[in-house]
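Shown below is the structure under consideration.
For clarity, chains are labelled A, B, C and D in written order, and residue numbers in each chain start from 1.
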Amino acid sequence: MARKAGRHFLQIPGPSAVPDRILHAIARQTIDHRGPDFAAVGQTALEGMKTIFKTEAGHVFIYPASGTGAWEAALVNTVKEGDRVLMYETGHFATLWNKMASKLGVEAEFIEGDWRGGADPDAIEARLRADTNHEIKAVCVVHNETSTGSVSPIAQVRAAIDAAKHPALLMVDSISGLASVDFRFDEWGVDVCVSGSQKGLMLPPGISFNAVSDKAMAVARTGGMRRSYWDWNDMVGPNATGYFPYTPGTNMLYGLNEAIAMLHEEGLDAVFARHARHGAATRAAVRGWGLEVLCAQQGQESGVLTAVLMPEGHSADGFRKTVLEQSDISLGNGLSKVADKVFRIGHLGDFNDAMLLATLTGVERGLTRAGVPHQKGGLDAAIEVLDTVDASALKAAE
Amino acid sequence: MARKAGRHFLQIPGPSAVPDRILHAIARQTIDHRGPDFAAVGQTALEGMKTIFKTEAGHVFIYPASGTGAWEAALVNTVKEGDRVLMYETGHFATLWNKMASKLGVEAEFIEGDWRGGADPDAIEARLRADTNHEIKAVCVVHNETSTGSVSPIAQVRAAIDAAKHPALLMVDSISGLASVDFRFDEWGVDVCVSGSQKGLMLPPGISFNAVSDKAMAVARTGGMRRSYWDWNDMVGPNATGYFPYTPGTNMLYGLNEAIAMLHEEGLDAVFARHARHGAATRAAVRGWGLEVLCAQQGQESGVLTAVLMPEGHSADGFRKTVLEQSDISLGNGLSKVADKVFRIGHLGDFNDAMLLATLTGVERGLTRAGVPHQKGGLDAAIEVLDTVDASALKAAE
Amino acid sequence: MARKAGRHFLQIPGPSAVPDRILHAIARQTIDHRGPDFAAVGQTALEGMKTIFKTEAGHVFIYPASGTGAWEAALVNTVKEGDRVLMYETGHFATLWNKMASKLGVEAEFIEGDWRGGADPDAIEARLRADTNHEIKAVCVVHNETSTGSVSPIAQVRAAIDAAKHPALLMVDSISGLASVDFRFDEWGVDVCVSGSQKGLMLPPGISFNAVSDKAMAVARTGGMRRSYWDWNDMVGPNATGYFPYTPGTNMLYGLNEAIAMLHEEGLDAVFARHARHGAATRAAVRGWGLEVLCAQQGQESGVLTAVLMPEGHSADGFRKTVLEQSDISLGNGLSKVADKVFRIGHLGDFNDAMLLATLTGVERGLTRAGVPHQKGGLDAAIEVLDTVDASALKAAE
Amino acid sequence: MARKAGRHFLQIPGPSAVPDRILHAIARQTIDHRGPDFAAVGQTALEGMKTIFKTEAGHVFIYPASGTGAWEAALVNTVKEGDRVLMYETGHFATLWNKMASKLGVEAEFIEGDWRGGADPDAIEARLRADTNHEIKAVCVVHNETSTGSVSPIAQVRAAIDAAKHPALLMVDSISGLASVDFRFDEWGVDVCVSGSQKGLMLPPGISFNAVSDKAMAVARTGGMRRSYWDWNDMVGPNATGYFPYTPGTNMLYGLNEAIAMLHEEGLDAVFARHARHGAATRAAVRGWGLEVLCAQQGQESGVLTAVLMPEGHSADGFRKTVLEQSDISLGNGLSKVADKVFRIGHLGDFNDAMLLATLTGVERGLTRAGVPHQKGGLDAAIEVLDTVDASALKAAE
């Protein structure tokens, strides 16, 4: 096959394109993870991740595993077979986590959702109030649902649990939200947060995270399932001096430390504002084309990705293939319930205006070639948002 | 701290120093692990690993996890809580695997060993013959014991199981043996082999492997423990086309494919001969210094590493510190039972004569500085082995 | 200063953005340029460059120097102080080459041009016919004038020389044309071609080239100026076996060999067609905005870059600054005569549709912010060209 | 050809093995060398090189060229055709520089030397005293003669010129000395120093340097030969703000800035002490083997390399081939007068004890295999030097 010139645009909602600084960091020579030089690598990573999770009180655990492993870790450290957990169907990834819980033997209740918004705190509160025996051991919510582009209001979920005076742990999947959308572990009273490397952290996949409250640590001390690889209890000791109970993903940790530094160089608030602004511009484009954004809850639209509903009778996957061939841009596919009905535009990670405009122009071109009915004007609408938000931001900075 | 000039010598028995070709491969841009270009990456890795395990009939599974995870995967797919497995105490890593099995609820019998040789097939056969009810579901043996530098005779263990007419699975940890010491999955009748990336495969840590026989797959289909991340059954389908059920370690797979290519460019037999030759030279050095090699079983000494007993009254860890400071060479430490009594010289991975001689010269210098009683002559003995073996190899090649 | 997220768009007409494959090649360990392994590196580069220059009969010389050095090499090997050469003022770089010739003591005649097209073969022929004594030793023409975006018709210049029956050498600067715009050393009867690394060859700057005909070699054997570093005669011998008379830029040669491979993987004709198509789309955008392309000669517009005239009273450099700040896109500046009156859009090297559309969108946004009077519609016009050319190309391929 | 495992030992006296930090720096994306971000790159390099040359008053010029180009630059900026310069035959590179001067039309006097020591200040003084008309415009001396491993006493050469009350410029080639052997541009009264990247600066070849005194700048302002690429006068203006008159080797400058940082992290004095110590150990080894060091002037032996005389009747090149094949160690060859009679051991750049001992062990092994008569004991003698010097250094540091 002939070589394709130019840079591929990886506009799926993760993995996001890895910046050169991180690729170079990962390419540094591996060192002895038991040797004296490793301590600084480990401590920088563990302490640095606390600043990303915004926790001082919590513990951070880093697994050589992808996000699915960190999901499992969250469950097996806190609940046991037969325990009940309450989950909320925000979309495909909430469903996968729910299935995993069931597969592990947990009674995993699932509050149905329509995949068009974040978790509903009222529904959670109602269910918890009804659980007078406190059989529910944990409430599990996806922060940024990667399959739909909706963000759950985590602080309100916490408020709902508190209002119901329910002792359940609050466990949050922020695999695709962390470091792109604001997340506040301590302030929001999260007990376990699950995250991964290949989204806002701008790394390749391969390491994943649990942030854990003291309350959850106490549960894990005596509870949870039989476990070994995922056991928090084994991590605490070695982590205290920057080491790990078994071989860590050393080179990924090099990259992680670079990523944390880069995020702070830009400033976390600037990172979140950038993602929000790109999300707003993308939604303006979608609406300018006369298409529909999957997330229907105002205020819950994600800055990480935008899922777009295809007009009836048009294949989202066919469209994605067109865009890939025509413009060398990868878009995300619709998953399970919305397979072939939705395509997803990732605008996360190491990203800027020009990359977004390239992406949206590629989408607009693809709509034409694929014969998808749409209006012109999406791109102009996006630019208007970028210019407006930009201008006001400049004003604010004066 | 002032910069130290020159290249560090990472002469621990893994991670081994990663060659530049592999570091560059890992630094390639991450792609969509659901996209069309990924299939070739996944298939090359999965098929390539079969040639490394020397299996045609078996399945290979690749985990984004370090070797400890692949240990867990081998157990949870094949045995359940309360099942009995027979393990052999070759050293520290056999012990850790044994403890993991117990922690997971398995009745993990442990045949005691003196840490100075590989597993004893006779002892295994005797125990299996006594197990007339076939309560033992698996025999678990470490191929190359990283803590001692001894190699277990896997083919004879297989023969022992067969001689006992016992249906137990044969599960082998070749985390540090694979791609350094000959391993033949099909020919030796192994059912599950566990391996990792950061030893003979010359990669950083972060991915690990199970090779699995049809017999073990059949067990896993209905048996094993509740599991999710490690479940072979979920892997089979996506793997068939080069994909994975959850996010794989894409960049590590780039590196793996480069590693497999490099191993075949050198030739697996040449790789094994090189390791064996460096092991022989190292043992000659140790004996030349008047010191003792930990492995006391002739024919079971490892080509991957050589563990050396310190003379009574001398601290191995103090000695290692001396060598690190004096020569910027990292040696492996003694683990648990042999802590501070043993140091380990890694001679595995991307390694050659000059690197070995640098290492042995550094050790000899360190013995002097640390005041460890020894004779001169170790280095000369090593060189003599290198030259002799080299010469005969040249002769053989004529 | 806060970190800027995302990838910078280096849309100047060179250096062009270097693809990762080439950056990785350059980062390989340096080897002994006198050792046995080097020969293959040198020969691959020297032979490979012949395929890029499209010469079988010619010699290729590679200098560790930037393009300015290769200009000097072309002159000092062929003409001596007081010799007359005929040059053509296509723009800034032709002017710089002319100044260099004068500085070196050459009588460097300069046919005036308006910077809005390539060299005029008729004017050259007329001047040569008038040179009945054959005082003119060489005709020097810039193939792709980087300051204006015009391409000189080299084959016609050759025809003009032949028509005038003039023995002057034909020396061509294709620093920014080679590997982007078709160039045929042998077929077009070029005697010396000068080129560089950081344009169509997609490398960083640092090495440069002369391709030399036998006729020019014969001149150099006894003629030219006193010289050492640039002397072709010293190169021939070592080059024959892949070596160089003095230390070459080894790591840049690694990159060069990768670049040559990439160009052939895409296919040189495909590379030229891609550049031509992107040039056509860019000009359509410029005209769609109601702006003027600097190159006024139809058929001589470059596929490498497009220079755009700013409306009277607007600063091109102010506009470029706006685009850089607003969209992190670097555009090229106007040089000398057209300083601040022109900006240049580079669309060369490792480049694709999405990158072009990002660039043009960034320009359109910048025109608005900078208050430059323009019409909407530039981007749409560009897309139409891309789609049309694309469609017909697809048709042709059927 | 089968892949060779392990790291190649590039023990020639340059290029020296490039450390990973520098390779990674070179692999960073190229930027616009006329754009705003470049100024910091250029200024850091230009200012940083002043600290390496140890000059505050002098100018530093950086050429995209290898060291041979910087030689030419030194000459063409300061002397013209027919001018007389006085050079000293320290070895092959002094001879090459001498030939270059002649080739450029300079009357290049050459004080004969025996290639076994540095330049003789007395001979220089005597010649200058005889030059009562001050026809000699420059005294040209090689600081560290790469072909022989001898260091010229530059301060004494300066003293000799002063003693003769002669106005000639002092021009020094420290291509292989700079950043390995102490060099003090201002203190020693050097007028022009020529250097390169691929030795003590640990970079690949491709950029080179002139450091220039005000006195030499004044000469260049009106004197020197016709020149363009090498002209200091054109450099001064752009350099003042971090830019260059023509395209610089941007990626090499990235590497240079990393190299300068690394040298200062180690400390220049520590760098010089390290080279001196490795030189002393190497000479001890050579003498321990009963072989002869080419440099016969005590106190002038180089810390960069050691040239070793082969016993009569033995081919140095055959021996080097043996070492390369046997131990994958590249040694330097004997050049011109000492071709095949001498081999050279490079111990420069990013280098440490273990690498030296690997090299010396490889040499000792090679002597045996090649049948070169020698005594055992070289390696032990080297270790004794390392331990002694090391111990005293430790003492001094207390």
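By definition in this document, a contact is a pair of C-beta atoms (placed from the backbone, for glycine too) under 8 Å apart; a residue touches a chain by one contact, two chains touch by 3 or more.
Note that the structure is a prediction, hence the values are computed from the model and not measured.
**Student:** If you walk from chain to touching chain, how few steps can bring you from chain A to chain C?
**Tutor:** 1
**Student:** Higher C-beta contact count, B-D or C-D?
**Tutor:** So, comparing the two chain pairs, more contacts are at C-D.
**Student:** Let me check something: if the centre of a chain is the mean of its CA atoms, which chain is farthest from chain D?
**Tutor:** The chain lying farthest from chain D is A.
**Student:** Using CA atom averages as chain centres, what separation in Å is found between chain B and chain C?
**Tutor:** Result: the chain centres lie 54 Å from each other.
**Student:** Calculate how many whole Å lie between the centre of chain C and the centre of chain D, each centre taken as the average of the chain's C-alpha atoms.
**Tutor:** 35
**Student:** Using Cα averages as centroids, what's the distance between chain B and chain D in whole Å?
**Tutor:** 45
**Student:** In chain C, which residues are in touch with two or more of the other chains?
**Tutor:** Each of 17, 24, 27-29 in chain C touches at least two other chains.
**Student:** Taking the complex as given, what residues does chain D use to touch chain A?
**Tutor:** For this pair, the touching residues of chain D are 20, 24, 27-29.
**Student:** Per the contact definition, I'd like the list of chain A residues that touch chain C in the complex.
**Tutor:** 2-7, 9, 17, 19, 262, 265-267, 270-271, 274, 326-329, 350-355, 357-359, 361-362, 364-365, 368-369, 376, 379-380, 383, 386-387, 390
**Student:** How about chain C: which of its residues touch chain D in the complex?
**Tutor:** 8, 10, 12, 15, 17-18, 23-24, 26-36, 63-69, 72, 81, 100, 103-105, 196, 198, 204-207, 225-229, 231, 246-252, 324, 330, 333
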